[in-house]
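The same chain A turns up in both complexes below, where it pairs with chain B and then with chain C.
The block that comes next holds the complex of A and B.
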């Protein structure tokens, strides 16, 4: 699919189909969509030069109770699993306007794996049926604990 | 599909939101917030009863609303479902805005 925000509609539909097959509940389905959406949005926004005809592939492997998505892009090398930065507890006036996306993806996914293969970025997202909350609260702690 | 309707009542502006607020729809939400900013309301109510999904692109709009419209304006999120409310909380914004969730029986 084209690396444009218009593709997010198709992404949501694709995720919804996988969720139905895997029998994930509402919370797990939401976590999966959030993780995949944020990772793909990051590729769309930062992976390719503006107005370029970049492509993104989205593959799924589904079984009862879990979903695995493989996101493949041909853009700039970028490892979304590296440099884990918890969202700090700061004065709301000092909150950054951006930069939440990858943190949300990391917190939402049960597993996040990245590899660079030649000119490809390959990112794997796994969400299992658990009904857990979106956030592991250890992920948001004061800066002095980071 | 995201939809947002603007309602003004006295010093309060309400944005009734429905659908999905993601990177595709965030620019239209941002435009509406710019309109709200020109009216300088004392309270901004974000009615999210019909909002099924929010990503970081949508949360960015909430940060904008909180930071750019002045400390005198109260920002209230009403009727957010559990997942949407939790996504907002994940960013720490619950310290700056009031969140009232909706609960299903």
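The block that comes next holds the complex of A and C.
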């Protein structure tokens, strides 16, 4: 699909289809859509030069209780899993007006994997059925530690 | 044909300007919301953003909300958010917005909260 915001309609439809097959509840469906939306929006906004004819591929693998999406783009190398991306301390006057997107993608996804392969960015998002809230990435612990 | 779109309705309830959103608020639809809310805040001191029929919001929507909040503050206005679903509440909570936004169950309650605030 073209790397433009108009494609977010198709993304939402695609995610909706996967959610139905996987049987995810409302919160998990929201986390999945948010993660995929934010990652793709980031590629649309920053991955390609403005007005270029960039492309994004979205592939899915779905089973009962979980969904895996593979996002492939041919834009600037960018690893959404790198760096510390905390949500800033909340003061409405000091909050930046942007920059929530990747933090939310990381809070939403149960797994987020990135690899650069040749000229491709490949980002994998997994969301499992859990009904959990959005949790700060750095605050999440594997189940055996909680 | 896709049903995924966003409708914006602007109305007035007493002293309160009401901007009601139906559908999906993402980076595709955020600019039109920003425009409507910005105009409503330029003309009214009190604003309720009615999200009762909003199915989805991404960070683009949070950005609109934050800019609107600041616009209201600068103009000595007030705004409230009405009708949050469990998922929208989860989203706003994750970024700390519930700490400073006035949240109301319905428009009546929003009017009450905004008019009693000095």
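The working rule: the second predicted complex is superposed on the first by the 134 of 146 C-alpha atoms of A that agree within 3 Å, B and C clash if a C-alpha of one lies under 4 Å from a C-alpha of the other, contacts with A are read in each partner's own complex, and residues count from 1 in each chain.
The rule is simple: a contact is a pair of C-beta atoms (placed from the backbone, for glycine too) under 8 Å apart; a residue touches a chain by one contact, two chains touch by 3 or more.
Since the structure is predicted, the reported quantities are computational estimates derived from the model, not experimental observations.
State whether chain B and chain C clash or fit side by side on chain A once the two structures are superposed.
They clash.
On the A-aligned overlay, A:120 touches which partner chain: chain B = first, chain C = second, or both, or neither?
The answer is neither, since A:120 touches no partner chain.
For A:20, decide between first (touching chain B), second (touching chain C), both and neither.
neither
Overlap the chain B and chain C contact sets on chain A and report the shared residues.
5-6, 8-9, 12, 26-27, 30, 33-34, 37-38, 41, 44-45, 87, 89-90, 92-93, 95, 97-98, 100-101, 103-104, 107, 133-134
Applying the document's contact rule, which stretches of chain A touch chain C when the two form their complex?
Interface residues on chain A, with respect to chain C: 5-6, 8-9, 12-13, 26-27, 30, 33-34, 37-38, 41, 44-45, 87, 89-90, 92-93, 95, 97-98, 100-101, 103-104, 107, 133-134, 136.
For a test of understanding, state which residues of chain C touch chain A in their complex under the given definition.
Touching chain A: residues 2, 4-5, 24, 26-28, 56, 58-60, 62-63, 66-67, 69-70, 73, 86-87, 90-91, 93-97, 99-100 of chain C.
Considering only the defined contacts, which chain B positions touch chain A in the complex?
Spelled out, the residues of chain B in touch with chain A are 20, 22-24, 53, 55-57, 59-60, 63-64, 66-67, 82-83, 86-87, 89-93, 95-97.
For chain A, which residues count as touching chain B in their complex?
For chain A paired with chain B, touching residues are 5-6, 8-9, 12, 26-27, 30, 33-34, 37-38, 41, 44-45, 87-90, 92-93, 95-98, 100-101, 103-104, 107, 133-135, 139-140.
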